[in-house]
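Two complexes follow with subunit A in common, the first pairing it with subunit B and the second with subunit C.
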Partner chain A sequence: MVDMKGRWQEFKVSMRPRLKEYAFMLRRMRQSPLAMVGLVIVLVFAAIAVLAPVLAPPQGSDPFMIPKDTSLANVRPVEPIPPTTNHVFGTVELQYDLYYGCIWGTITAFRIGLLVVGVSLMIGLLVGTLAGFYGGLLDEILMRFTDIIIAFPGLILAMAFVIAFPQAIQINLSFMLLVVFVLASFGIIAFRPNKKLLLIVQVLLAFSLLSIFYSPVSLGLSLSKLDKVMVAITLVGWPGYTRVIRGEILRVKNEDYVEASRASGSSDSGIILRHIWPNTIYPILIVATLDIGSIVLSAAALSFIGIGAPQGFADWGQIIQSCRNWLVTPGQIFAHYHTFVIPGLFISFFVMGWNLLGDALRDILDPIIRRK
Partner chain B sequence: MSGKNVVEVQNLSVKFYTYAGVVEALDGVNIAIREGEILGLVGETGCGKSVTSLSILMLVPPPGKIEGGNIRLDTRGGVDILAMDDASLRSIRGKDIAMIFQEPRAYLNPVYDVDDQISEIILVHRLPEFLNKAAQTLETKKRRGFESNVYRRLAKNPGSWAARFISRFSRKRQFQKEVKEEVVRILKSVEIPDPERVARMYPHELSGGMAQRAVIAMALACNPTMLIADEPTTNLDVTVQAQILNLVKLLRDNLKSAILYITHDLGVVAQVCDRVAVMYAGNVVETADVFELFDSPLHPYTRALLESIPRPGKAFKSIPGLVPSLIDPISGCRFRDRCQYAMEICRKVKPPFDQAKKDHFVACYLYGGS
Partner chain C sequence: MTSLVTYIIRRMMLLVFVLLGVTALVFAITMMFPPDVRAYMYIRNAEQTRPGVMTGLIEKYGLNDPFYLQYGRWLSQVFEGNLGWSHAAGVGGMPVTEAIRTKWPYTFEIVLFAAPLIIFVGIYIGVQAAIHRNGVIDQISRVISIVGWSLPSFWVGMLLLATVNASFHVSLTGPLTQGSINYVTSSGFVRATGVDIFDGVLNAAFFQGRARDIVVGANNTGGMAISWISDLGVSVDALSHVILPVIVIVVIDMALLIRVMRSSMLEALGKPYIITAKAKGLKKNVVIYKHARRNALIPVATLSGMLVAGLLGGLVITETVFSMPGLGNWAAASAVQVDIPAVLGYAILSALMFVIANLVVDILYAYIDPRIRLD
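Up next is the complex of A and B:
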């Protein structure tokens, strides 16, 4: 406690280059109006998501289910009504409140975007690092597998996945153990070549392989419709990251400082954590930021087709899907314009915000064009 | 000055399996580096100098394979480096044998400052030492407590998950202070002015000479018994080169460690080295004391090499012919096609590497041999 002031000084001195860097980034961002627009859009959406319970207080037990106006439904069961004081944005088919759906849909959009990108990024980082750093046969196997997935058109493969997934998955416990042991033996081979440990794991692996045929133990895992969409998009999305990461790692692993680190006795994991990842992660973060928007768009597309979120769920794509029948009403063109224009605007702005932010980040973080 | 051999390379042969064919990069190399000396390894580009140095650390890059021979390391009781497993190799690299590279700035990671890069090596090899030291300092200051307990626990078993987990809850101030002090001490020992400030600088902020000093400091972080310097002054201008050469000499005198100095510049050899080994096309052809070698070179290649140093007032001389291809190399002596003394036996059998005079080894039939 004595030397608090000294420590604070020391901290300030050590943080100075970093602060300078952040200040420079902010200045660059302020200089580009598009970047500011992107940032503001994303921040506004974040504020909406955080304040959702205040802006639109939930009424049922599940806040993500849009409340239905039953009194209206008695009068006009199906046809949407335009904006009124009770329903600021109007209602959609079956009298679901559009305002509530748009507000809570923001949370859904963030959840889809961040979770899918986060998980695909992690898978991509793991697979790309193994393939790029160790090379050889492992690289060949992993990259051919990713090539297979890339070879399919993404959205169509995701559709196939969503349709193919069962509502509840029964996972055989032996099968899970088998997967764990296979991964463990890969890990041992890659990171900790220890014959004894490998032998133990492989004996266990053989046992789980044998027991897989008559094991009655299994775990149930139920997936909601939205979860299925997220899993499907993740399964389609990770190969893209894997490729980018592998390429970056191939570039960095031949740098001289990696060799210097090896010559001074660092282990593989130490080299990856200390030297490779810090020098590869920025381009990938930019790709990820750009992807958050487009992944929300894919999820909306799946919902629009009708295989995404269930009816009444607060998801922009689902809301637009439910007004598909009211795009054109005979006699009155655009009578129900609010049902698709308002959620459409939400989606467009969300995607645009992330794209502008990603572009700005690329300009700011790229060491060559940033100083111009 | 003839101490014991720190590292002995015997009959080392390295082959590179490329698409064009098998390149016999090293063909029975013999070198011994003695305690407290600077051994210069001289030769033209592509003769295998760097491959020799990388083999000593077992870092020959992929298409290359070490095919035979052995490398004895004295500090570990004369074990053969080539027969070691990965873990013990890692414990040797940086600690027993350290390396300095040609392009200092490329060998520093751009995202870390100098302090981070030097302490990384300290943390890899000298972790328990510093943990104990920090704990001791705390205890002498009557501040035995959670922090010192964490140090003792970690020092006892650095790999233990429990100890590592508990250590996350301490900020490890004393330990970091000790490491930082050590970094500054090392930087001072390589004659860096204002080491506290330089420790916080990033590689792009350093000048070439300063970066090379920082790389040397990294190599010295664990007091290695042998230092390999792979053309450390090639990309520096002459005044900085002179400073670095003086530093290398100083290190030999102060640390008593053996230095293997790789270069193609005979002027540098004359300045810093105690003994010289001359390489030609994957072979060591001559080893001698530096004065002996410059005064009375024995091998025809060494003689031609010394004659081809440009001197004012003398016609420029070069060695006729070309370096033989190392894919399917010629039989016998690899220098025979360019040698004016070539005999019949030179075509058939490779000349043995024998002692011609005291401490002067040469691989040539002109000086005995069978």
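Up next is the complex of A and C:
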């Protein structure tokens, strides 16, 4: 018990500089008006996303499909109507309710942004750490591979991925397991040389190899159009993170405190978890924050081309895309402005909120320019 | 100098590997499609699109073989100058190489005006913002760049189109008005470069004798007589159709350049050599423009190179909004219509642009900054 208390004291002492750092950041954040504006915008959108079932109660089985006003569609099948009491924002083509689409589109935007950034970040963290920390041939191979993907303009590669993915894919579980075990055995060799563990993994590896040849276990997975967009943007996005993370790790790994930790007998994984990641995470968080906005823009662009979310899905890009035919109505100036102005404002403010936040975070977190 | 040459050679060798990797990657993606879709990648003329011939092609090029065999065969095709058949590139389709050749001018027209505007204005604003840090210019440029960066380009384009249409009752979609299209496609007009803006001026200046002899077809409803004035009219018309796309691209793409220029300039202004220069008693402008800006331009040079390459490679969204029949519009149409050879050819083209831009920027770097080539 006493020991626990001692440890807690030790922990408190060790955490003190970090807590001081957080307090400093919060203070800086409150001083920056743009950061506060960004934070407020993001929080408002978060509130809309959380309260979506209250703000716009779902009517069908799938809440992400925008309800269609059928009685209105009987009278006026295609042409959008301007805002009325029934439809606060009016309707879009084929009488889909615009208000509902905008509210539930917020959830879609968060889902796309956070999921894609989260997965890209995790892949980037893994690959970037392996490449940066261990260097050598592994670094060369991994980085040349990321070079190839970065050599593409992102949107075009994402387009190619989206159209190439089949609706339903068969994931070969045996193969996936093989890859996992191969990675695991590399990891064991690199991080924690433990013969027993290695033996177990290699036996499993051998089994998965056998299973590939004799009876592959596969898993059927059906991807919606939006899932395909997310997978495509992730596949295009992770090399960027890998490059940033590798650069950060190269910067940190020869610092004195890493050397000191190594000299005192820490394992590689200990050094990475306790010293390298905490010191590299801020620049990566900035990139990630800024990226959420641009990812939502890319997804909207893919929807706009016509290979994103299907018609009637609560996605801002898709809603704007369906309004393209109503840009210009002869004789009626500004007749259908609401159909693309409102969802466009939603996208713009969402992206702007994240960009303001990221931009301010850069000024706050960047150790070189912040103390000035 | 020799070190620079070896540096360039080393970079070029790396470029070959990157290109091989890029093509292998896209080819691997196309392997997800069934053979009868992929057969289009080997078609050279309209004759071969008939179903009977297609099955022959699948056998001939072994489209059920393993990846590396197919990739090798396909590469040798590419070296012969055949990128396949694009069925989305106009009625009846055309070879991918032909499509790239005919669509390139429309993209070029936009980039011709957008790129210099973005680069020079962006650098200017970025430098001013850094010099007057936290001043009025800095705050305004910050807001402009964040707003510009947050706007969906297709939305800005749609707003512009609708507003221009409502206020001036003209539709500025497509490359030219219908009258000018009739005029340009009539036999009296010499399409020397394919770029309408240039061709109008060239016709007015050099092809007068030829143009006057030829009667315009009966279906010309444009009502333009052939003269140097109507030749120039084509240029003006093309120019007016380029304005809106250029505005969209400048608004969206300048934002990033301003931000990078600003932060790079701020960094340069904090360097010890600036203090030295100031301490020497140099004039403020000399310190700012000769010492700081020159060094601050290095990261901006990379960004500009990538930006121009990206623009030249196609403006997928902008061209689609404005119905410009350029490379980007074609790429978007092919993606929707699952035109594999077109997407493949387009991806390779834009990757090639990026790689070349990378090389040019690297060589420029090595030229500007001796530390890089001696590394």
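Following the convention adopted for this analysis, the second predicted complex is superposed on the first by the 317 of 372 C-alpha atoms of A that agree within 3 Å, B and C clash if a C-alpha of one lies under 4 Å from a C-alpha of the other, contacts with A are read in each partner's own complex, and residues count from 1 in each chain.
Quick note on the criterion: a contact is a pair of C-beta atoms (placed from the backbone, for glycine too) under 8 Å apart; a residue touches a chain by one contact, two chains touch by 3 or more.
This is a predicted model, so every value here is computed, not measured.
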Practice prompt. Put subunit B and subunit C onto subunit A via the superposition and say whether they clash or fit.
Written response: fit
Worksheet item: Thinking of the overlay built on chain A, is A:Ile281 touched by subunit B (first), by subunit C (second), by both, or by neither?
Response: neither
Discussion item. If we overlay the two complexes on their shared chain A, which of subunit B and subunit C does A:Leu39 touch? Say first, second, both or neither.
Written reply: neither
Practice prompt. Name the contact category of A:Val180: first (subunit B only), second (subunit C only), both, or neither.
Written response: neither
Worksheet entry | Contacts of A:Leu115 with subunit B and subunit C, given as first, second, both or neither | neither
Worksheet entry | First (subunit B), second (subunit C), both or neither touched by A:Leu72 | neither
Discussion item. Quick check on the superposed pair: does A:Leu126 touch subunit B, subunit C, both, or neither? Answer first, second, both or neither.
Written reply: neither
Worksheet item: Is A:Tyr337 contacted by the first partner subunit B, the second partner subunit C, both or neither?
Response: second
Worksheet item: Who does A:Leu365 touch here: subunit B (first), subunit C (second), both, or neither?
Response: neither
Item to complete: Specify the partner with more touching residues on subunit A, choosing between subunit B and subunit C.
Response: C
Worksheet item: What's the minimum Cα gap, in whole angstrom, linking subunit B and subunit C in the superposed view?
Response: 12
Discussion item. With the touch criterion stated at the top, can you tell me which subunit A residues are shared between the subunit B interface and the subunit C interface?
Written reply: none
Item to complete: Would you pull the subunit A residues touching subunit C in the complex into a rising list?
Response: 34, 144-145, 147-149, 151-153, 155-157, 159-166, 293, 297, 300-301, 304-307, 317, 320, 323-324, 327-328, 333-334, 337, 340-341, 344, 347-349, 351-352, 355-356, 359, 368-369
Practice prompt. Could you please specify the touching residues of subunit A with respect to subunit B in the complex?
Written response: 13-14, 17, 193, 255-257, 259-267, 270, 274-275, 278-279
Worksheet item: Can you list the subunit C residues touching subunit A in their complex?
Response: 17-18, 21-22, 25-26, 29-30, 32-33, 142, 146-147, 149-155, 158-159, 161-162, 165-166, 171, 259, 263, 266-267, 310, 313-314, 316-317, 320, 331-332, 335-336, 338, 343-344, 346-347, 350-351, 354-355, 358
Worksheet item: Quick one: in the complex, what on subunit B touches subunit A?
Response: 57, 59, 86, 90-95, 98-99, 101, 103, 106-112, 120-121, 124-125, 200, 202, 215, 218-219, 221
